[in-house]
Amino acid sequence: MIEIENVHKSFGSLEVLKGIDLTVRKGEVVTVIGGSGSGKSTLLTCINGLETIASGRVVIDGTDVHAKSTDLNKLRQKVGIVFQQWNAFPHLTVLENVMLAPRKVLGLPKEKAEEIAVKQLTHVGLAEKLSVYPSRMSGGQQQRMAIARALAMSPTYMLFDEVTSALDPMLVGEVLDTLRMLASEGMTMICVTHEMKFAREVSDRVAFFHQGIMAEIAPPEQLFDAPQHTETKKFLAATH
Amino acid sequence: MFSTALTWSDLAFLAHGAGMTLAVTAVSVAAGTVLGIVFGVIRFQFGPYWSAPLTFALDIFRSVPLLIQLVLGNALQSIAKLGWPPFTTSCVVLSLYTAAYCTEIVRGGIDSVPVNTRRAARSLGMTWWQDMRYIVAPLATRVSLPSWIGLTLGVMKDSALVLWLGLIELLRASQILVTRLQEPLFILLLCGAIYFVISLPIARFGRYLEERWSPND
Amino acid sequence: MFSYTFHWNQAFRALPQMLDGALVTLEIALLSMAIGLALAIALTVFRLSGNRVLSGVATAWVEVARNTPALFQIYMAHFGLGNFGIHLSPFTALLAGIAFNNAGYLAENFRGALKAIPETQARAGRSLGMSSLQAFRYIVLPQMLRVAFLPATNQMVWAILMTSLGVTVGMSSDLAGVTQELNARSFRTFEFFALAAVIYYLIAKAVTLAARLLAARMFRY
C-alpha cells in the first residue's frame, strides 16, 4: 500500500505540491491527469525518493520513504518508475540494459538475470531485439524496453510518468497496450498521463491535479462524465 | 619580502623577448590564416578524393614535431642558399604549421553552412564567388571563430620553439636571465605570467566577437 | 640552384641508432600518458570535491598547463625546481613536464566528457535501486570513456611530439636527441632530421591507427 499524507514540495519559492493526500491499495490502478505544472510528475519522483519533500509523509508498505533511516536503494527495488524520456543506457544492448540492475543491485548470477530479462523483454514484445543497441530502435521500442527494465526488478508498484508524451503519435499505441496488459495482470500502478481514453479504460480511480492540489479523485465514469470541481470541468472541456 | 638582482634593463630585455614572441605569432597567424582559407576552400571544393595530396601534405605538419620542422626549414633554406635570417625562416615554417591547422577549421566552417542556404543563394542568381563572399564567408567565420582563437593562442605558445634557431623570444630571454642571475623560479614565474597576460586579451577579444555576433542569429 | 649533394647513405646507416631513440621517445610518451591520466583523474576529483583549496589547486594546474608553452613547463621542471635544490635529469625533467601538460589537458577533457552525459542517465540508474557509486560505475563512466577517448588519443600524439623538446634541456637518448648528436658529428642536418621526421610521422600515424582500432572494438554502440 502507498500512503501519501499531506505532502508539500517546493522548488525554490515555487510550491509545486500543496498538501497531497492519496492512498493506493495493492492491485489498484490510479491515473493522474491535469495541466502542465500541476505537480503531477513531481509527485511520482517524491514517491520513490528521487526528490525530497518539504513536509508530510510517504509510506510504502509501512516504510517511511523520506525517513533518514530508510535505505532508498532497497526501497526503489520495490517501486519501479518509467520516465517520459525513456533514458535507455546507450552503451548497453537491449538485453544488457535489462540485465544490469538485477545483476548489480540484486546480485543475481548472469544466467538468472538473463532468464529474467528475456522473459520481461518477451513480455513487452521485444524478444527479437535482444542484441540490438537502443539507438537502433524506435522511441516506442525504447520505451517498452524501459518498462521491461523496471519490471525485471520484480517491483510491487510501478510509476509511469507521461510515458507516451515524447513519442510520435504512431508509436503511442504500442506503449499504451503494454500498460493495459500490466493493468490487466493486476500490477499496482500510478500513471501520470495525457491520454484520457486510456485513463478511462484502465483506471480504478482518476485523480485530477490543479496547481499543486488534488482537486478531485473519483472512479473514471464519475470523473469524466460527472465532474464535481469547476477546474476539472474546464480541463476536460479543453482537452476534448 | 624578497630580494632580486633583476634590474629594469633586465625587464626591458624580457619585454623585448615578449615583443619577438608577438611579432612571430602575428606574422605566422596572418600568413597561415590566408593560406588556410585558400587550402580550406580547395579542400571543400575538390572533395576528399581530389584534395587527398593536399590533405596528406598538410597532415605532415601536424604529425611531425614543430622543432624538427624548424630545423628542417632552416636546413632547406641554407641548402637552397636563400640566406634567410632566422626570423624569416621561423615565420615561414610557423605559417605553414598554422595553415595546416587553419585549413581544417576553415573546411569545418564551410561544411557547417547548410546546403539549402547555399542553394537559395544560387537560385537568386548569385555566382559561386558571390555565394562564397556574401553567404558562406560570414556564416562560416562565426562557426570557426572559437577554434581560430584557440589556434592563435596555440601558435603563440608553440612559437617558443623558434629559440632553437637563435631567436631571442620570451622564453629564451628568460632562460638567458636565469643563467645570469641564478634565480630560476622567480624569473620563470615572471615569464609564465607574461604568457598569461598576452593570452588574456586574445581570449577576451574572441569572446567579445562571439558575443557581438551571436544576437544576429 | 642546388649545389648541395645529399648524403642519404650516412643517415640510413644511423637508422638503427635512431630507431633505438624512437623507442625511448615512445617510452617517455607512454609513461607521461600513464602518469598524466592518474593525475588527471585526481584533478577531476579535486574539482568536483567542493573543497575550495583542492579545486583551486586543480583549476590553477589546468590553466597553467593549457596557457603556457609545453617547453616552459619542461623548463620549470628542469631549471625552476633548482630553487628548491631539486635538480632533475633531462629525462626526468622532460617526463615531468609532459606529464604535467597531459594531466592539465586530460583533466579538462574529462570535465567536458562528464558534462556530456545527461543527468537523467544516473537518475535512471538510481531509480532501479543502484547506489550513486553503482550508477556512476556502470552507467556514467562507460559512456564518459567513449566521449573522452578520441581527445585522449590526440593528447597521446601530442605527447609524442612534445618529447622532441627534451633536446633543449640536454636530452640525448630519445629520437630528437639522437638525431641532434648525429647531426653535431656530421653536419648532415637535413638528411638526419628528414629521416627523424619520417619516423615521428610513422609513430604518430601508428598510434592514431591503433587508437581507432581499439575504439572500434571497445565502443560498438
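In this document, chain identifiers A, B and C correspond to the written order of the chains, with residue numbering beginning at 1 in each.
Convention: a residue touches a chain if its C-beta (ideal position, glycine included) is under 8 Å from a C-beta of that chain, and two chains touch if they have at least 3 such contacts.
Everything numeric here is computed off the predicted structure, so don't read it as measured data.
Participant: Average the CA atoms of each chain to get its centre, and name the chain whose centre is farthest from that of subunit B.
Facilitator: Relative to subunit B, the chain whose C-alpha centre sits farthest away is A.
Participant: Please indicate the chain closest to the centre of the assembly, with centres calculated from CA atoms only.
Facilitator: C
Participant: What whole-Å value do you get for the distance between subunit A and subunit C if each is reduced to the mean of its CA atoms?
Facilitator: 48
Participant: If you average the CA atoms of subunit A and of subunit B, how many Å lie between those two points?
Facilitator: 55
Participant: Measure off the straight-line distance from the CA centroid of subunit B to the CA centroid of subunit C, and report it in whole Å.
Facilitator: For subunit B versus subunit C, the centre distance works out to 21 Å.
Participant: In the complex, go through subunit C and note every residue touching subunit B.
Facilitator: That would be residues 1-4, 64, 67-72, 75-76, 79-84, 157, 161-165, 167-168, 176, 179, 189-190, 193-194, 196-197, 200-201, 204-205 of subunit C.
Participant: Under the touch definition given earlier, write down the residues of subunit B that touch subunit C in their complex.
Facilitator: 60, 63-69, 71-72, 74-76, 79-81, 153, 157-158, 160-161, 163-164, 171, 174-175, 178, 183-186, 188-189, 191-192, 195-196, 199
Participant: Which part of subunit C faces subunit A closely enough to touch in the complex?
Facilitator: Spelled out, the residues of subunit C in touch with subunit A are 120-121, 123-131, 134, 138-139, 142-143, 146, 219-221.
Participant: Under the definition above, what is the set of subunit A residues touching subunit C in their complex?
Facilitator: 48, 50, 73-77, 80-81, 83, 85, 87, 89-92, 100-101, 104-105, 133-135, 146, 149-150, 153
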